[in-house]
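Multiple structures follow.
Two complexes follow with chain A in common, the first pairing it with chain B and the second with chain C.
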Partner chain A sequence: MSETSARPLLVDCARQQVRVIGALILRELHTRFGRRRFGYLWLFFEPLLLGGMIAVIHGSGLRGGSGIRGTFEFFSIGYVLFFAFRGMINRASSTISSNRGLLYHRQVTLPDLFFARHIIEGVACTGVMTIFTIIAVGLGSAFPDSPMKMLCALGLMVLLAQGVALVVGAVTSEWEVVERFVHAMSYLMLPFSGLFFMVEWLPGWMQDIVVWIPTVHIFELLRDGQFGDRYRATYDLSYVAGWILIPHLLGLTGLRLARQRIGLE
Partner chain B sequence: MALELIDVHKSYPMNVGRKHVLRGVNAVFHKGERVGVLGRNGTGKSTLVRILGRIEAPTRGSIRASMSVSWPIGMAAGFQGALSGADNTRFIARIYDRPVQATVDYVESFAELGEYLHMPVNTYSSGMRSRLGLAISLAVEFDCLLVDEALAVGDTKFGRAFAARLRNAGLIIVTHQPSLVRQLCNRAAVLDRGTLTFYEDLDEALATYNSL
Partner chain C sequence: MEPTWSEAEPIPPPRPKSRLKRFFRHPFTWFVLLPTLLVAVYYYGFATPQYVSEARFVVRSRADAPQVSLGTMISAAVGGGGGSAVGDAYSVRDFLTSHDAVMRTHEQLDLTRIWGREDADAIARLWNDEPERLTKYYNSMVSVAFDSTTGVITLRVRSFTPEDSKAVADTLLAQAERLINSLSGRAREDALNVARSEVAIAERRVLDSREALTRFREQQQELDSSGAAAAAMATMGQLEAQLVAAQAELRERSAFMRPDNVALQTTRNRIEALEHQITVERLRRTQGDGALSQQLAAFERLMLEREFADRQLASATASLETARMETQRQQMYLSRVVEPNLAVYPLYPRKLLSVASIFLGLSVAFGIGWLLVAGMREHAV
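== the complex of A and B ==
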């Protein structure tokens, strides 16, 4: 592997980046879950437990749900998406500091650290969503109207969180205090995220407000995939795309600046 | 094949103004050369190493590399403390596109870590860390090893084995220990007041360094 002073080919860079991200994924799995045989199961177990509990509490009549709101899959799968979103954003502030030692290897870039974590998150989320869907069908629910739409919603949620996570990572590398706000905000977002409601159920004036929240559109797409014609979905994917693209640009630029300022002891 | 620094300056922002660490370093390191860079504490050795390893960008000037240079191998560098030496070896083998198992086998036979290879790097002594780093970098087969104050080298069993392996590779070692330079290098330079001066004769370099 000799390096030349000429600018390397794009395809070689891409191959190197894939290699680095792959190595980072394995490393991340080892640090987070250890090398013991069932360690990886925790990746699925945590969202399964949380999503399952939320679904039982909200869907079982304790909190009084009816229609699709009373079903197991409305809350369990919705919560998995929110859980992934919140987890990615909350972990963003520690991504750089906990991997600083790896920056001694020049091919490891800051965005790679984030991409590796997010791929793990996306895979775990897909697995848990599949498990919940199977459980829901087992409990007597109808098969999802469009699994493809559900997967798209999941992908968009991961990308949305990734954009925000890149920005949070860049900002917290310079101003650590921001981390506290991020944690609080990500928690306070829960009632407004679209997890607990459909736009259609809200009074008109509230509908006009909540459509500004990008996660609301993603939850609408998810439920369109889950329940099809059983209610009227409201989503605008180009609006979500803007919320994905702009933070990505800001975050990647910010990380480029941050890389020059991060001290390696 | 070489690593070339052209008028490299590096300064860091301070509370007031900037601290100028490197002020116009020019250097060419050829493939197969074993160069010792001597510098007293606080002369910017670690900064120079990070610039040579291209993990920090110079404030001004440029670096050209037409050979593969290792990451800066030292006590702190390049490991994930919570993972074992073997896991760190696997990670590094993967990112440098080397066969994973062969690299681990080589490190196992060379680094003299015994059971510690499967313990977290956090539990290592500084000597063990540098042995791990040096062993991995020999396994990866860089054209040039970049070493920052490696304690493990010296007149030990490992040190002699390391010196023997170096015949196939180049080396840049940045240190304050003249004995290391005498043991491992065939060319030397002295870093002082932000500039680097090369000496073809080792004795001359060491004499200059000792008079600083």
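== the complex of A and C ==
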């Protein structure tokens, strides 16, 4: 390890990586929303529209909600989180192929492409969540019990989605068929994700099953932050941490392996 | 001097660092193996064994017990009966994790002595005796789980000796029992108090109505106004019959007697007297303050009031009886399924599981960190 001193400092490398990711974020915004002036506002507008409509359909009493289930913020904010999760996983399969040309530059690495996209999603999700919280307070709901817990839930959701997205990206670069399954799975997950229910409302045998789903714990944490003591939240964050760490390990390793196979074409 | 070439000293090849040295320089050693080693040393060398005492109980109301009565069947069908016990089980669970339970147990058992023992290891033992920190520590050592399908509440207490665990579990069970009894007693008192006050009101009304009637009778010097009215009616009837008879007699006699006959004159006088008497009677009955009609109305009102009061008393008494039976039926009690046990083998701390999970967690985190750092290095200009 005598060449350690000859290697550039890790801090410089990190600075370089931050610059690369920053540039990738700008590029991503341009390719996704065009070069027009306020095109990137769609980033916020799309989840706002969807979350708002879901909240109106489910929360306005058409489906017979009562208690916290009937409130606006239960569905709107929950849906925003799920929207970010699904968006990140569904886009993961196209991340490498759509940025293949950039790999010509040595400084651009595969994880950078993912990180840039996920930062965009995370920022958009935080913004929309803030807007929905303000709207909900404006509509007469109580102020969230603990905004910090809501932000933690958001961060965990983004990290969980990032881990899964890294794995999906690595796998789809090798077998493209998987992409179809990922899309189908992400749609099928919707009813089981914890968006529409709280664990406490379910009968006992179902509770035992749903606590195996990591997103359920994240939604419980979110609702604990939103509603506080109005119902009893059950979540285990160490389980979620496992679900975040292991896919990250697999995904990053997979991307390292994939990097050697991907040509420039 | 003729230059001479001499063999240069061979450069010694870089000595391969010994395996041990490489091992010590590797970050994996520092970030994963060392912490795991420390944790393992703590668990296997210093950690004081912790003994678990477990108790299970259910909160029941008598309504849950099968009873062959139509009322219970209906209330069970409507869903009024069984639900309350589940709610009370939740409140028992919340009570057992609250500071109230901690402080009450602390008064009886001195929890700081139990969990802050001198011979317990420094990391696991309790260091502070402020109520808030004690509650926090208590919640890490005592777990209460409620199974909503079977209704069984499981209480687990950990401490450093089996006797202490059992003592704490016993005390907590007694606290829970007292809570249930006080909750159930309160509910019973509430229900009965309402019914009792209804009965008291009805009794008051009955007494009042009787008194009013008595007073009325004394005032009118009559026992039964309706009887008096009937007597008056009878008198009227007789008078009118006599009048009709007298008129008939007059008509009959005037057919064959001279108008100035003395007998006719007597009959006429009788008719006049009868008519006068009838008018007087009529006036006496229907006009003026002491008139019979007024009297009768007041009497009937009083009688009606008495009847209503009697009925109200009867229904209030019946509902008191029902309430008493209902509270008897719904009385809650805590029945122990599993008594607190005296542990023999220390189940905690879970040494192998803790060490293994720490090792695995750190390894995965190290792997990710290594991948991220390696990714960063690729950005070198």
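Quick note on the criterion: the second predicted complex is superposed on the first by the 259 of 265 C-alpha atoms of A that agree within 3 Å, B and C clash if a C-alpha of one lies under 4 Å from a C-alpha of the other, contacts with A are read in each partner's own complex, and residues count from 1 in each chain.
By definition in this document, contacts are C-beta pairs under 8 Å (C-beta built on N, C-alpha and C of every residue); 3 or more make two chains touch, one makes a residue touch a chain.
Source: prediction; values computed, not measured.
Trainee: Once chain A of both complexes is superposed, is A:105 in touch with chain B (first), chain C (second), both, or neither?
Mentor: The first partner, chain B, only.
Trainee: Once chain A of both complexes is superposed, is A:204 in touch with chain B (first), chain C (second), both, or neither?
Mentor: Touch partner of A:204: chain C, not chain B.
Trainee: Is A:13 in contact with chain B, with chain C, with both, or with neither (first, second, both, neither)?
Mentor: After superposition on chain A, A:13 lies in contact with chain C alone.
Trainee: Is A:249 touching anything from chain B or chain C once the two structures are fitted on A? First, second, both or neither.
Mentor: A:249 sits against chain C, while chain B stays out of touch.
Trainee: I'd like to check the shared interface: which positions of chain A are touched by both chain B and chain C across the two complexes?
Mentor: 1-2, 16, 20, 106-107
Trainee: Contact residues on chain A for chain C in the complex?
Mentor: Residue positions touching the partner: 1-2, 7-8, 10, 12-14, 16-17, 20, 106-107, 109, 111-112, 203-205, 241-242, 245-246, 248-249, 252-253, 256.
Trainee: Spell out the part of chain A that touches chain B in their complex, as residue ranges.
Mentor: Listed in rising order, the residues of chain A that touch chain B are 1-5, 16, 19-20, 22-23, 26-27, 30-31, 35, 99, 101-108, 260, 264-265.
Trainee: For the complex, give me every residue of chain B touching chain A.
Mentor: Chain B residues touching chain A: 1, 50, 53-57, 64-68, 71-72, 76-83, 87, 90-92, 94-97, 143.
Trainee: Taking the touch rule as given, give the residues of chain C at its contact with chain A in the complex, in rising order.
Mentor: Answer in residue numbers: 14, 25, 147-149, 361, 364-365, 367-368, 371-381.
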